[in-house]
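Letters A, B, C, D and E mark the chains as written, and numbering starts fresh at 1 in each.
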Amino acid sequence: MYHNEHCEGFQCEQQQLEAALAQSGNELGALDRLMAWFRQRSLFVLAYGTGCGAIEMRPLMTSRFDAERFGIIGAATPRQADVLVISGYLAIKTLKRVIRSYEQMQAPKYVIGLGSCTINGGMYWDSYNTIKQLDHYIPVDMYVNGCMPRPEALIEGFVALQQRIAAGTPSGFERYRANIDWYKANQRRVLGDNMPPDYTYDWYHAGGVA
Amino acid sequence: MNLITKLLFLGLSFTPAATFFTWDGAVAWSLLNGITLSFDLTPLSAFFMLLLAIGAPLIAVPMLREKSDESAYALYALLLLGMQLLLLAGDFIGFFIGWEMMTWSSYLLLLRSPRTDLEGAQSYILFNLVSAFLLLAGMLFLYSITDDFRIQAVDGLLTADKLVLFVLFGLAFLIKVGALPLHLWVPRSYDQAPDLFSAFLSALMSKMGIYGLMILPLLFPDGFNEISGQIFNGPVAGYVLAWIGIITATIATFKAISQEDMKRLLAYSSIAQVGYIVTALGVGSSLAIGGALFQALVHTLVKLLLFITIAGIILQTGHRRFIDLGQLISRMPISFFGVLIGIIGLAGMPPLPGFAAKYLMYVGLIEAHWLLLLAAMILASTASFVYCYKLIYGPFLGHANSPEAKTATEAPWQYLIPQIILMGMLVALGIFPGWAIDVLIDPVLIGLNMTPIGTPAWNVLATSYGGYDGVAVMGVFATVFVLITVLFLLVRGNMHRAASPYDLSFCGEVPTADTPLHYGAGMGRELRRVPLIGWILRHTTTGFYAGLTRQTQAAAGMIGTLYGSNPQTWLLLAVLIFAVTLTIQSVTGA
Amino acid sequence: MTLHFTPVWFIAVPLLLAFLAPLWVRWRLLMPVLFSAQVALFALALSWIPAVRIAPILETIVIAPPLGIHLHLDAIALLLVALFSFAGAIITAFIWLDNGAAHLRERPAFILILLLIAGSNGMVLTGDIFNLYVFIEIVGVSAYALAAIRRDKTALEAGLKYLIVGSVAAIFILFAIVLLYLQTGQLNIAALAQAFSNMPAQMQLLIGLLMLIGLGIKAELFPFNFWVPDIYRGSDPEITALYSGVLVKAFLFVLFHLTFILLADPTVARNWLMALGAITMIVAELVALRQNDLRRMLAYSSLGQVGLITLALAFASEATTAGALFHMINHTFIKVLLFLLAALMLRQYASLKLTDVHGLSRTMPLAAGLFVLGALAVLGLPPLSGFISKLWILKGFSDVQTFWPVALILTAALIEAGYYFRWIRAFYAAPTDAASMAKMEGEKVLNYAPLLVIAGVLIVLGVAPFLLEDWLQQAAQALLGREALLNAVLGVQP
Amino acid sequence: MLEVLELFDRPAVLHSIYLIGSLILFFIGLYGLLAKRHLLKIFVSIEIMELAVYLILIAIATTPGETAPILSDGLTAFTGMSDPIPQALTLTAIVIGVAVTALGTSMAIQYHRLTGKVSVGEMTELKD
Amino acid sequence: MAHYIIDAFAMIGMSYIMGFLFYGFYRQFNARVQRRWGPSVFQNFFDNMKFLFKTETIIHGPMFFFGPMIIFAGAVTTVLFVPYLKDSNWLQGFSHSGNLILIIYLLVVGPLGNALAVGSSGNPFGVMGVTRGLTRLMGLEVPFLLGLALVMVQHETASVHAIMAAQTDFAHWNLMTNPIAFIVMILPFMASQHASPFDVVGAPVEVYAGPRVEFSGRLLGVLMTQNMMMTVAKLVLIADLFLGGATTIWALIAKTFALFLLTAAVSTSFPRLRTEQTVDFFWKIPLGLGVIGVIATVWFPWS
């Protein structure tokens, strides 16, 4: 795949991926499609370096794999970010921060879980202080499995997410909003009294959603 | 009774206005043989009288809120009388009388604040008296040469005489305006004075120093050329004056940035703003003088506004340090706009009139080709953004840092009325800078025998270097602002207000009431790391003056040991002196 | 019987009234008599103005000068006599209306005050040098006794010290007079003046120095004025008001009168006295900076003003002299005001230390206000009369382009401001303890009436100094006019 | 011997002797004034100084051979009389001096009664 | 009136388009220097649109909302007061009602308005960024204005039109006639565009604290929009002042692009300076040059 006639290396990869992206999103209205297209072309990532996956984020963002060509670029604060990347195992202590950061992001917002640890606990399946299934606590839009996944896999995951966005699939945030009580119950189960304050989400209940 | 006193006081505060509008013809009062006081309203003094006429009632109105205080009212009456005498005086004796009445009555008013400490009070009165005595020395010197106390152009003086006069008068007035390094009294007194009186001190009384400086061009009508040689296409004296002004402005600005108290910050900012005026006076061209007058006008309005507003904040919260305030924007919205308009005027941003003043002064400097001064002035005025921002951020934005700040309510109406009037004046002046030039400033310039600046229309500020249109700037800005706001609100999308002030992007952490979220006090601290600013902020004149005081006291103590308590010692000294003198005189054979 | 007004009355009336004291005691008229005597003298002095304006009045006693004793009432003498009786009237009225200080309302004080006034008037009026000595001693004795009149430890100590220093000064003066007489055989001042220049220079110097030291001690000039603070601190403030307002002024007058009359060419003495005045002024103001007791501070301030007056008088130009005389008047008023205020404050506060009078304006607002007024006047701040007199002096110096005294005077005023405003600030500061906040029972507005009169005078003279201008000019001319005086006294004699 | 005595009769010599003597007296008084601590001794010293001055006046103003300036039976002319003025002055001055000393002494006594002190050096009530 | 409105919209539109293209180019350029592929030239447009179409925006009080509006209005006002073309009726905006000094001050109106919003958010990191920004402004404004003042002195006017008109051909460009002024001004100019190495204020990704820490969604979109327009306005201003202005749009694009390329080249080559280093640098090198310039052009007027 890296030695075609009309392209070479990353160019091929990019062309293939972009071709895939272009096919999705046919069922939306014109404006929605436009918006979805803009959204998928520009993903600001809040890379939450929770575990060893953080190592893999660096090559992804820098010259070797250059995620910027897909419009994927780091964001400094959750306010500006579209995608929250949970890179690996998530300690309970960190979970509180993750939840708060997630709730502070502005919709539409997406979550990518890296590695097996976010799926089932991975090698930390019996650890006392990590969570096993990330999806119980915040809605995950895309898993990239592996331990750890290579940057190529990450790119695949991001592109898959972009395809979903372009296709107009609602973000996991809708799920979070719909099932807020369940999520909060799950969170409370592991965090106990040490929950993040409720003012970052309680307006969901108050009907503040347009 | 109470009400009548208050009404009387209010009426009293309108006396400058009454003088301004009804004064006609000169009045003379023969004090002694050879000393006749004459009083008249010249265009220059009329300008400053106008400032007084605007300022006095606006400060009187919020004062009415307090319990009626006859002695304070009486002192204010004396103060106003002194200032009017000063402005009306056609000779230096009258000027000095007004000047001194102003000095001591303001000192007594200063003492009425419980915060006034010994250093503050002493430095206020001593610096002002030094200023007054220098003025007295200057006028006596002038008298010894010309046999005349009248304020009029002096000619036929030797260059050295002119220089002495210039130095004496210049120093006297520079102390009054608080130029560095003679500014020690300013921050102390502005800080410690009763809150509303600070407004009076800063907005009106410092203008009297400016008025004094404005007399200098009157005394030396051919510029400062004859006093000293020429340098860089200008007189040396003017050049020195301009540098004094700009160094004052720059250093005071940095000092202001490092203050942690609202009133001290404003005090230093007053020093800085007046420094610009001094610079412009040093330039001495009609554009620069016009700029100085404009700046005086704007600074009066702005400092009235800011000090009254801040007095309101202090009244409502009881706090004056940035670290104790915060988030008052929702509780004191009108005060917020007061400070906002105030700092925009202070920073000299378009479209408010502070910009017009700065514009004139810049153009004056460019026209004189004094570009290094220009650079320094730009430095000062850019640095002033920092303290302006601190001034609005500290009390109004950020987080409430004390229980009082959390529960404060809007200032009482007595404080709000002057604020609203002043805001209106500032905005109107900003839109119509040409009006101020045409109506207020050009007559003064003509009175000083200078070319008027002139203006094609009231909304245009025009100079030989081009001008700008106040209405256009304001219009475009306002239109775009309204359009974009409407457009923004029309576009789809949900906007919601954070449910808690602690809903902050804080690295995932959860800030609480104990988290030091208010950045007000520390703001500008990092400026110390810039070598120049750090150097400036590390050095003060306090040590010098404290040392001077200490040395004087030590000398006094040393001499004081002569005054023992044993009569025999006294007599022994007398006899010894007798014997020694007799011997010396006999030996030398007088 | 027609009453014939003569200058003798200025001396005789107080003496007579003093000797009739038992009568007044019996009739319980002591204070009214004291007061009305002063007022009468003041009125008498005023009634002389038109006459004196035309020509000075010579009152010979028995034999015409130069042989006999004579009184010489010219503009300056009239001015000072009027001033003394006015100050006396104010102080007397204060003592009368005051509810404290009972010992000042008894017979001894009555006699002594009258003697003091009589002596001062005599010093100013007399044209005979031995007569002058007698009056100096009369004034001296009554002043020593007045200093000690409270008869407690501090007052007695002050009285004793004053007595020792004062009588030594008197010996110096007497020595000078003796030498003068032995040299010339004359006692009349005018005749002495003619003969003085014929004496050997050494003798002139000796006499001059003796006089200078004797009168210098009495008139509080610098190297001889170390006694002043102690005495002012120890005696009653009412009495110190008399010293500072009346006594010193009389001695200053004597000093300068003798200088200007005896010396045909006053240059030497002028330099000496100007130097003394300048040093007195600067030293006193500097030392006052460190004073923590109100009365001591006022004493030093008084010294400083004396120095200023000396400086200006010694310059001997007409403008500075007139200004200095005006300043003399102002200083009398101001110091009377301030010392009487100190007396009032002493009723309220046990001590007048700087730390003890914090917040005085709460308990005694009027006193604090008047103190401010007095301080402003003494500093020479407009619109009070102190300003006019200082301005006059300074203008006199600038007229002839002499700037060093101007610089010195302004510096001294600045130092003076340094301590006066420290006190004012203390008065208006928050009180240190709640106990002193209690309002005093005996505080009456009536106590303040004499002080208010002075305040009024200070303001009126500040706004309309031309009221006194002619008089002061004439007084200055009289003080400086050696030839005129010699002619008037000695007639056409050579 | 007689010549020697006549020498003393010459006014210049006599005046010198009186002058020197009274000056010595004056300086004794001055010494006492400055050196003695006791109040009464100081008053005595002052008195001595005063007397020295009187002595000078009287002595210098009178020449030997003059009669007292009193007009009486035989004496109707002013010739040969001494100058009356110094004597009058001295009398006046003595009276004054006595008054001052009396006042001083009474004050010193009272001071002693109140404080028990007699020394000038110990008068420190007025010191702050 | 219609002329003005059309003209104004044309200027705004042109600024916006040029802005995102330039920034897109910058990102490409930067990527190529770093041996990357880089995003599309339109990536900035996408980002901007994405933010403008965010469905959710949090605000912290009214001032937080009005801040971006003020900065936007300030940017548009700046754009409208800079003449884009020489000798033309079009793309002039209201530039006849203003002049150079006004424009310089208009450049800072927006950021100060924004600073209010940042303060209003209550986030100390944001205020920290604002303070940094104001500090940097303090450093850069002095040499920047000094350079422009040299030009003003040279032409004895503050009117941009007059300065443009005086630069008739290449030899009379101020770049040629007054090179010191250009050198003095160009580095502060880059800093005023938030370009590296003077970009510690915004520090887009690495530093948490910055003025935009609390802005999200559509407000961030507004901020990005005005940034692009403001950049173009500044470029045009410098082109007007030093490169003789432009008579056609293509010349304008060429000249501004050349300036932008210079900025981009510098900013990719140098590491970032701390705030105080920035200030110190500006007060030493460009200001020192400025003093030399003053001496050369004003004190010794041989030129």
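In this section, a residue touches a chain if its C-beta (ideal position, glycine included) is under 8 Å from a C-beta of that chain, and two chains touch if they have at least 3 such contacts.
Keep in mind that what you see is a predicted model, and the values were worked out from it rather than measured.
Fewest steps needed to get from subunit C to subunit E, stepping only to touching chains, is 2. If you take subunit A and subunit D together, the chains in touch with both are B.
Common neighbours of subunit D and subunit E under the contact rule above are B.
Relative to the centroid of all protein Cα atoms, the closest per-chain Cα centroid is that of B. Set against the C-alpha centre of subunit B, every other chain centre is closer than that of D.
By C-beta pair count, the most extensively touching chains are B-E.
The chain with its Cα centre farthest from the Cα centre of subunit C is A. For this pair, subunit B with subunit D, the centres built from the Cα atoms lie 71 Å apart.
Between subunit A and subunit E, the centres computed from C-alpha atoms are 35 Å apart.
Chain geometry summary: the mean Cα position of subunit A and that of subunit B are 58 Å apart.
Shared interface positions of subunit E, defined as residues touching 2 or more other chains, are 53-58, 208, 213-214, 217. With touch defined as above, residues shared between interfaces to two or more other chains in subunit A number as follows: 77, 79, 104, 107, 210.
Subunit B has residues 493-494, 496, 498, 503, 505, 507, 565, 567, 571 in contact with two or more other chains.
Applying the touch definition to all chain combinations yields A-B, A-E, B-C, B-D, B-E, C-D. Taken together, the subunit A residues at the contact with subunit B in this complex read 77-79, 96-98, 100-101, 104, 107, 196-197, 199-200, 202-203, 208-210.
Remark: subunit D residues 30, 33-35, 42, 120-121, 123-124, 126-127 touch subunit B in the complex. Against subunit D, in their complex, subunit B makes its touches with residues 565-568, 571-572, 575.
Per the touch definition, subunit E reaches subunit A in the complex via residues 27, 31, 34-40, 43, 46-47, 49-50, 53-58, 203-208, 210, 212-217, 220. The residues of subunit B lying in touch with subunit A in their complex are 493-494, 496, 498-500, 502-503, 505, 507-510.
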